[in-house]
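Please find the structures below.
Here chain A shows up in two complexes: once beside chain B, once beside chain C.
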Partner chain A sequence: MLKLTSVHTSYDHIKALKGIDIEVDKGEIACLIGSNGAGKTTTLLTISGILKPDSGEITFEGEPLKNISPHNIVNKGICQVPEGRRVFPRLTVLENIEMGAFGAKGKNFHRNLEKIFLLFPILKERKNQMGGTLSGGEQQMLAIGRALMANPKLLLLDEPSLGLAPIMVSKIFKTIKEINEEGVTILLVEQNAKAALRLSHCGYVLENGTIKLHGSGEELLHNEDVKKAYLGE
Partner chain B sequence: MLLQQLINGLTLGGVYAIIAIGYTMVYGILELINFAHGEIYMLGAYLAIIFLGLFTAMGLTATSLPLALILTAILTIIFCSAYGFTMEKVAYKPLRNAPRLSPLISAIGVSIFLQNYVMLTQGATDKVFPQRFGEAGFQFMNVNVTYLQAMIILVSGLLMFFLHLFIHKTRMGKAMRATAQDKTMAALVGINVDSIISVTFIIGAGLAAVAGIMVASYYGLVNYFIGYIAGIKAFTAAVLGGIGNIPGAMLGGIILGLVESTGAAYISSEYKDAYAFIILIVILLIKPSGILGKTTEEKV
Partner chain C sequence: MKPILISLFAAILFLPFKGLKAAGIMFISILILLSAVSILKKTKVIDAIKAIRIPEAGRFKAFLIPALLISFLAFPLMLKDYYIDVLIMSGIYTLLALGLNIIVGFTGLLNLGFAAFYAIGAYTYALLNTKLGLGFWTSLPISAGFAALAGLLLAIPALRLRGDYLAIVTLGFGEIVRLVLNNWDSLTNGPNGITGIAPPSLFGVSLGKLNLYYYLVFLLVLLAVIIIRRVESSRIGRAWIAIKENEIAASSMGINTTKYKLYAFAFGTFWAGVAGILFSAKMQFVSPESFTFMESILILSMIILGGLGNIYGAIIGAFILVLLPEVLREVQLYRMLILGIGLVLLMVFRPHGILGGVKGVHFRS
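== the complex of A and B ==
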């Protein structure tokens, strides 16, 4: 469904991605793990078209994404919950959710809204509150809910569990699983490697802008190098 | 006497407010002070004179003055919006990722270009608005209000009201606010940031056009230089209210108009244009974020 071939991305003179290959199949959860500064966020921003790769190719459902602007990539079905949530602070919760549906132009609006309120009842309670006044965990729920409004085919999640209480972390992971079971393909970036690998069908280990390892979630969980470097065992 | 000055101030303030909105909207989205915005207002005043002159020559003004005025307004707004749209595409868009000083210099360049363009094509002397509305008016609580003043207050009030509705109630308006808050995230929810920026320039220019028409008919005289002083005053109004904040621009415009007219009446009319600068200096010293602005706005 999504295929990155030898993608290089840089910031001015810093080469953040040095030729990475990633393939995500339809219906699966893939995860991307790696230490701080490995290039995970850069990878997701490149897929969404916010950053332009220097070279290499990204295709989605067989179609190259080169020269397609970010909002049209969303229209093709790739949505992202970016690092740091980026809830619109001075838009209400409901307006934030409406903005998530901007590209979808109202398709399935009410059904999606109900689904999101069912998933995160707190958002319904807070719907007229400004996004910036929500707690961190609530903002994360809002960010995920907002992305779901666009009827994504592929959802990119950048550290959805960051800064959340353990109980919220497991709730978020459970939610990711549910979203996936409804047919949404997921590419998950996580520091919480163990939980992410358990959940994922396949995983990639990113180090210094290159893919060091890839395999099924199960394989990576039992890999000695992964255990040492990312699972703290 | 005071009430009379309030009416005069409200007239002036309404005009400043609708020009200030253009500054503040562009700043809200691009963090750019569009120094050429005042010139759009000046173009509006000239275009109104040209179109109304044309309709007068065609005899339309004599047969139906309201129709001639409405057509003049519509054409002027369309032309000014086109100028605003083109200005952004030509002078600012190519500099979107350049250091912040570059678009600012470009804005000053556009401003100088437009002033000279109008001076060359329309001449350096004052132009006269073809229609005089005179002092006809009505009494309101013992104060004389001319029909033109009432019209200006009403039109600027309505424009602000509808703009507020647009920004808060429509899909496009909400997308504009989202884009002003976080451009990257706006793109990530599928908003075409480039078209939002274009719409912002078009709306700002359209409002400036209306201000230009109203001032040209109010004072009856225009020259190629009026955009400069009006631009600085509207900029002051925008800063006073809190740059980037639309209700702030409205409030700042009204306050500036009131200060100018009461200051002119009670202190000295010689310093009429200086009050804006005094306000600008004071606000920058005391509260640079403006009346409604947030102190040190978080920008992601």
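== the complex of A and C ==
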């Protein structure tokens, strides 16, 4: 579904991605793990078109994404939940969710809204509250719910567990699984390697802008190098 | 503590003008006033008043709007020319505030050179009328369109910048326009300005008389409010608000942020062009000194005073800042002082502006 072939991206002189290959199949959860500065967020930003790759090719459903502007990439069905949640603080929860339907021009509006309130009942309870007054975990739920309003085929999640309490993390991961079971393909970027790998069908380990390892989630969980470097065992 | 500090501030401002005694009187009287307010607050009188009004807000509004419209329509029949003149200026500034509110209030792009677009609208009509003999009604769309075009042309390079940097570029643009008007003698007649601009006429009746001109301004303000309200609650308005709230999130919603920012600039400066043509047709004279940096700041103060992002706030802000100096004309020397104290007080008690935090967005649910 999504294929990156030897993608290079740089910030001026600093090369952040040095030729990475990633393939995400339809219906699966793929995860990208790695330490700070490995290039995880850069990869997502390159996919969603905010950063332009220096070389290499990205295709989505067989179609190259070169020269397509970020908002049109969203309309093609790739939706990103940016790092640090970024909800609209002075709009209510409901208005935040409604804003998510902007690109989709309100297609499937009511069905999606119902689905989101079913996934996150707390958002229904707080629908008239300002986005900025929610707790970190609730804001993450809101950001994910908002992204679902755009009818995504592929959901890019950038560190959804960042700064959340452990109980919230497991709740968010459970929901990601539920969303995936409804047919949305997911590319997850995480520092919380253990939880991410347990959830994922396949995983990629990113180090200094190159893919060091890749395999099924299960394989990587038991890989000695991964265990040492990321799982703290 | 707060009331004491505020009174002290006002007293110190007064000191160089009237000496120690007057400053002392000022200090004590403001302190008493503020204490009275805080006592009222403590005794929950204000809470009680608020509690009564909120459930009836809808009915209150239904009564208020027609009442306001009727009284504004009736004003020219009973007021002296001087007051009509002031009201016309309030109307022109209302248009400017409404326009700037689109750029700063809705979309969150700080613009410190708004007077430039006002100038472009005014000079376009002045030149079209005196050099080519075009009438008011043909010039109205041309002037407004020209201002919008200028806004667009400035926005295309400037929107690569954000926040303070964008503000500096717009400030520079404002100065460039003023200096060009001041120095291009062969076209604009330099600092002497352009005289002999014709007032508008309708079906052979000249609208040069103040009370007729008043109705023209009133009509255009009304039209602006209706149109801007419609746009605000449309898809475009929603995109603007998303951009203001969080630009990265907005673009991850599939909003083409550049496009909508350009729309905001063009649409906002369009109304500055309308205000400009109304100004030059009323004065029948334009010169660069009407479009200084202070003018831009004044317009910005209006929308901040009224509450950023609120259409009615912009109107209230414009009226206050035009009417207040006129009301205070009696006390000549102190009027800017009193105005300053008033603004500081307002910002202390309502930091988001008079109508700040009151939502104007109408989302479908």
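The rule is short, and it goes like this: the second predicted complex is superposed on the first by the 233 of 233 C-alpha atoms of A that agree within 3 Å, B and C clash if a C-alpha of one lies under 4 Å from a C-alpha of the other, contacts with A are read in each partner's own complex, and residues count from 1 in each chain.
Everything below uses one rule, namely that contacts are C-beta pairs under 8 Å (C-beta built on N, C-alpha and C of every residue); 3 or more make two chains touch, one makes a residue touch a chain.
These figures come from a predicted structure and were not determined experimentally.
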(Q) Let's test your reading of the overlay: on chain A, do chain B and chain C clash or fit side by side? (A) clash
Q: Could you tell me if A:Ser170 is touching chain B, chain C, both of them or neither one (first, second, both, neither)?
A: neither
Q.
On the A-aligned overlay, A:Ser35 touches which partner chain: chain B = first, chain C = second, or both, or neither?
A. neither
Q: Scan A:Leu94 for contacts with chain B and chain C and give back first, second, both or neither.
A: second
Q: Could you tell me if A:Ser135 is touching chain B, chain C, both of them or neither one (first, second, both, neither)?
A: neither
Q: Residue by residue on chain A, keep only those touching chain B in one complex and chain C in the other, then list them.
A: 48, 50, 69-71, 74-75, 79-80, 82, 86, 88-91, 95, 98-100, 102-104, 146-147, 150
Q | Touching residues on chain A, where the partner in the complex is chain B | A | 48-50, 69-71, 74-75, 79-80, 82, 84, 86, 88-91, 95, 98-100, 102-104, 146-147, 150
**Q.** In the complex with chain C, residue positions of chain A that touch it
**A.** 48, 50, 69-72, 74-75, 79-82, 86-91, 94-95, 98-100, 102-104, 143, 146-147, 150
Q: Quick one: which bits of chain B touch chain A in the complex? Just the residue numbers, please.
A: 171, 174-175, 177-178, 181-182, 184-194, 298, 300
**Q.** Complex contact set, residues of chain C against chain A
**A.** 235, 238-239, 241-242, 245-246, 248-257, 361, 363-365
